[in-house]
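Okay, handing you the structure first.
Order of writing sets the chain letters: A, B, C, D, E and F. Residues in each chain are counted from 1.
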Amino acid sequence: MLRLSKRYPFSASHRLHSSELSEQENARLFGKCNNPFGHGHNYVLEVGVCGEADPESGMLLPRAELDRLVRKAVLDKVDHANLNADVAGMRGLVPTTENLALVIGRWLREAWEKEFDGRPVRLDRVRIEETARNTFEVTYG
Amino acid sequence: MLRLSKRYPFSASHRLHSSELSEQENARLFGKCNNPFGHGHNYVLEVGVCGEADPESGMLLPRAELDRLVRKAVLDKVDHANLNADVAGMRGLVPTTENLALVIGRWLREAWEKEFDGRPVRLDRVRIEETARNTFEVTYG
Amino acid sequence: MLRLSKRYPFSASHRLHSSELSEQENARLFGKCNNPFGHGHNYVLEVGVCGEADPESGMLLPRAELDRLVRKAVLDKVDHANLNADVAGMRGLVPTTENLALVIGRWLREAWEKEFDGRPVRLDRVRIEETARNTFEVTYG
Amino acid sequence: MLRLSKRYPFSASHRLHSSELSEQENARLFGKCNNPFGHGHNYVLEVGVCGEADPESGMLLPRAELDRLVRKAVLDKVDHANLNADVAGMRGLVPTTENLALVIGRWLREAWEKEFDGRPVRLDRVRIEETARNTFEVTYG
Amino acid sequence: MLRLSKRYPFSASHRLHSSELSEQENARLFGKCNNPFGHGHNYVLEVGVCGEADPESGMLLPRAELDRLVRKAVLDKVDHANLNADVAGMRGLVPTTENLALVIGRWLREAWEKEFDGRPVRLDRVRIEETARNTFEVTYG
Amino acid sequence: MLRLSKRYPFSASHRLHSSELSEQENARLFGKCNNPFGHGHNYVLEVGVCGEADPESGMLLPRAELDRLVRKAVLDKVDHANLNADVAGMRGLVPTTENLALVIGRWLREAWEKEFDGRPVRLDRVRIEETARNTFEVTYG
């Protein structure tokens, strides 16, 4: 199996806070990530696609097409944004990187179906580095 | 499938030497890693856990709980230690990073069962970077 | 000359916005860094100290003492904070990393004078990585 | 399952160009990667092997033996080479990193069969980083 | 003193070869870097500027202006290029990274004088990483 | 001014312990770095040389000559060694990275004078990364 992974950095801010929990429970559960005015990260999104290389171009898919898809489906929504206030798809969710990875995966799969349907290449996984120490990954079977 | 990977650096020393082999065989097999007074590394342990995000917290598990488990089950035993002399679980084993990964995996699985049993999250893999060029990984099916 | 540099990561959010400028001037000057709800970074602070190694300990200064100073003088104020709302020393300043480096340098020099005065070691420079591509540095002659 | 991954950097140049396509199609498909005199990369090859650790040595396989195999089967052919002109195995292929990974994987599997046949260790995957942002991987079931 | 450093990756190929030397002298002096069809690197250019932060914007200079200058003065000439064949300013020079750093420094200083003259900020140094192990730097007094 | 920096990784072990201090003072001063059987690091030595590029070769000095000097003067003594037991030049010194940097600098300057005397290039600085967070540097005026 052949896979291409492309990395896309973006910067965003968030506050971990659940409206279902009391102030104390929020503070206990999320610690300093619950600070009222939020904090932020240089996230790195890594998109993995797998399939067959096109015999003519020798590529799984043209880089510029993948970049365009990721920019439109993801980066335009989250880069230099506040994940609590600016991102419609995160409404009602605690903006942990687990939830962010699940939402970004959903966005990419929908965009993929619309724009890349029928190609011998599929979206395979979505990885987000939140810091150099914490990484989150969603894989699709 | 959703996975969280957290990285934990630690520093340790070791000497690759098998008591079952002659001096010459040790020297031939392990080269300068067999030097009598040992050498050391900045290891990085990466712990991978997978499962379901908790709907309330949006997290696979609270970071501080995972940190505590890893500190108690692993880092307290190997950080700033000599793997030949200081680490009971490595007794009788050549302290290669293969063996270190297998032993650390065992420690983590035992601690997991004791402390995290019943959670919808499981230990998925243990990776150790020995240097920027050599990485070892144990995965659990 | 002998120098020690220690790196301290922290996460914070900010919005680049000057109260002296119109909305349009702010947007033109700061681009997407002016988005109303802000964004964030994994900053890395690097503190450089230089001088003589202590003959008895072989160290410029004990690591734990430097860590304590930096934590108290800097990290407790900026880690997991919003630089616009949470940090008293940044009030009235656009929270660019240029200004952040100047303010952090001031904090460290004041703390240094109070706690490390008379040692044969001095604060030499303060560097902040905002992203992997943008770094800011203040050096003291 | 236990896996060792070793990384091997090499430098090479290439020009993305398909003889089956017109000048315009090449330019459109490959963009600046189609520039006539080529460009280059610091590639990093990562070789993954998995199996059982040898009980006597505690190693999947001696590092020096793996290094020798990779040097002979791969690095001697591609390091400081032009992938279009110097590498027999790439003749007739567009030298994308997809194709390079497939060819390097073939070389390694052939060398493995000749030299490491019968060992309880097998070649598991080949990864090539073309830049810090683009990585390609071939995995063997 | 306050300094901003920005990093710009680019990919290029080169062959180390001096027309003043015999084939043998070239081979002896440059080793495999003298291979006839060349090889390449992912270079990283780091541009250092120093001076006063503008009191209104809090910035040494707007990032987008520096990016535009570097793109026009440097990246458009060397990115995805062959340094022997494509770059007029390197004609007659062995395309070592020493020479490349000197030439890029000249380009940037000329562009700086034309476009940024009179600002309280000056070009301070040019650094080029050729590989993770080799870095070259030109500093201006 | 033109400078070349080359990086050389090596692995070593050490125990921070001063024979002039009591057990308690050692424990208090060096913490877990005083553990009796030592620990270790993947050090990275960075050697900085500056001067004029040779007009014929376009290089400050041939890479292979610098590599040979560093290997002979430094790496052969410290790579895969125990800094307390194996390294004659460290005898009587606490093997902090401050002392290691000073000793390595001395070795390199002596070797430089013997082998590179009269060249328009001089040794400018020695940097050692002990971990990703701690770096030590000696600069020569």
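The criterion applied here is as follows: contacts are C-beta pairs under 8 Å (C-beta built on N, C-alpha and C of every residue); 3 or more make two chains touch, one makes a residue touch a chain.
Note that this is a predicted model, so its numbers are computed, not measured.
Undergrad: With contacts counted as defined, which of the two, E-F or A-C, has more C-beta pairs across the interface?
TA: If we tally the C-beta pairs in contact for E-F and A-C, the bigger total goes to A-C.
Undergrad: Counting contact pairs by residue number and requiring over half to coincide, which of A-C, A-D or A-B is equivalent to B-F?
TA: A-C
Undergrad: Counting only Cα atoms for the centres, state how far chain C is from chain F in Å.
TA: Taking the mean C-alpha position of each chain, the two centres sit 29 Å apart.
Undergrad: Measuring from the mean C-alpha position of chain D to the mean C-alpha position of chain F, what distance in angstrom results?
TA: Those two chain centres are 34 Å apart.
Undergrad: Could you state the distance in Å from the CA-based centre of chain B to that of chain C?
TA: Using C-alpha averages as centres, the distance is 34 Å.
Undergrad: Multi-chain contacts in chain F: which residues touch at least two other chains?
TA: Those would be 132.
Undergrad: Name, in rising order, each residue of chain E that touches chain D in their complex.
TA: For chain E paired with chain D, touching residues are 9, 11-14, 32-33, 35, 37-42, 79-82, 84-86, 131-132.
Undergrad: Quick check: in the complex, which residue numbers of chain E touch chain F?
TA: On the chain E side, the touching residues are 16, 18, 20-21, 29-31, 93-96, 98-99, 101-102, 132-139, 141.
Undergrad: Touching chain D in the complex: which residues of chain A?
TA: Chain A reaches chain D through residues 1-8, 53, 56-60, 62-64.
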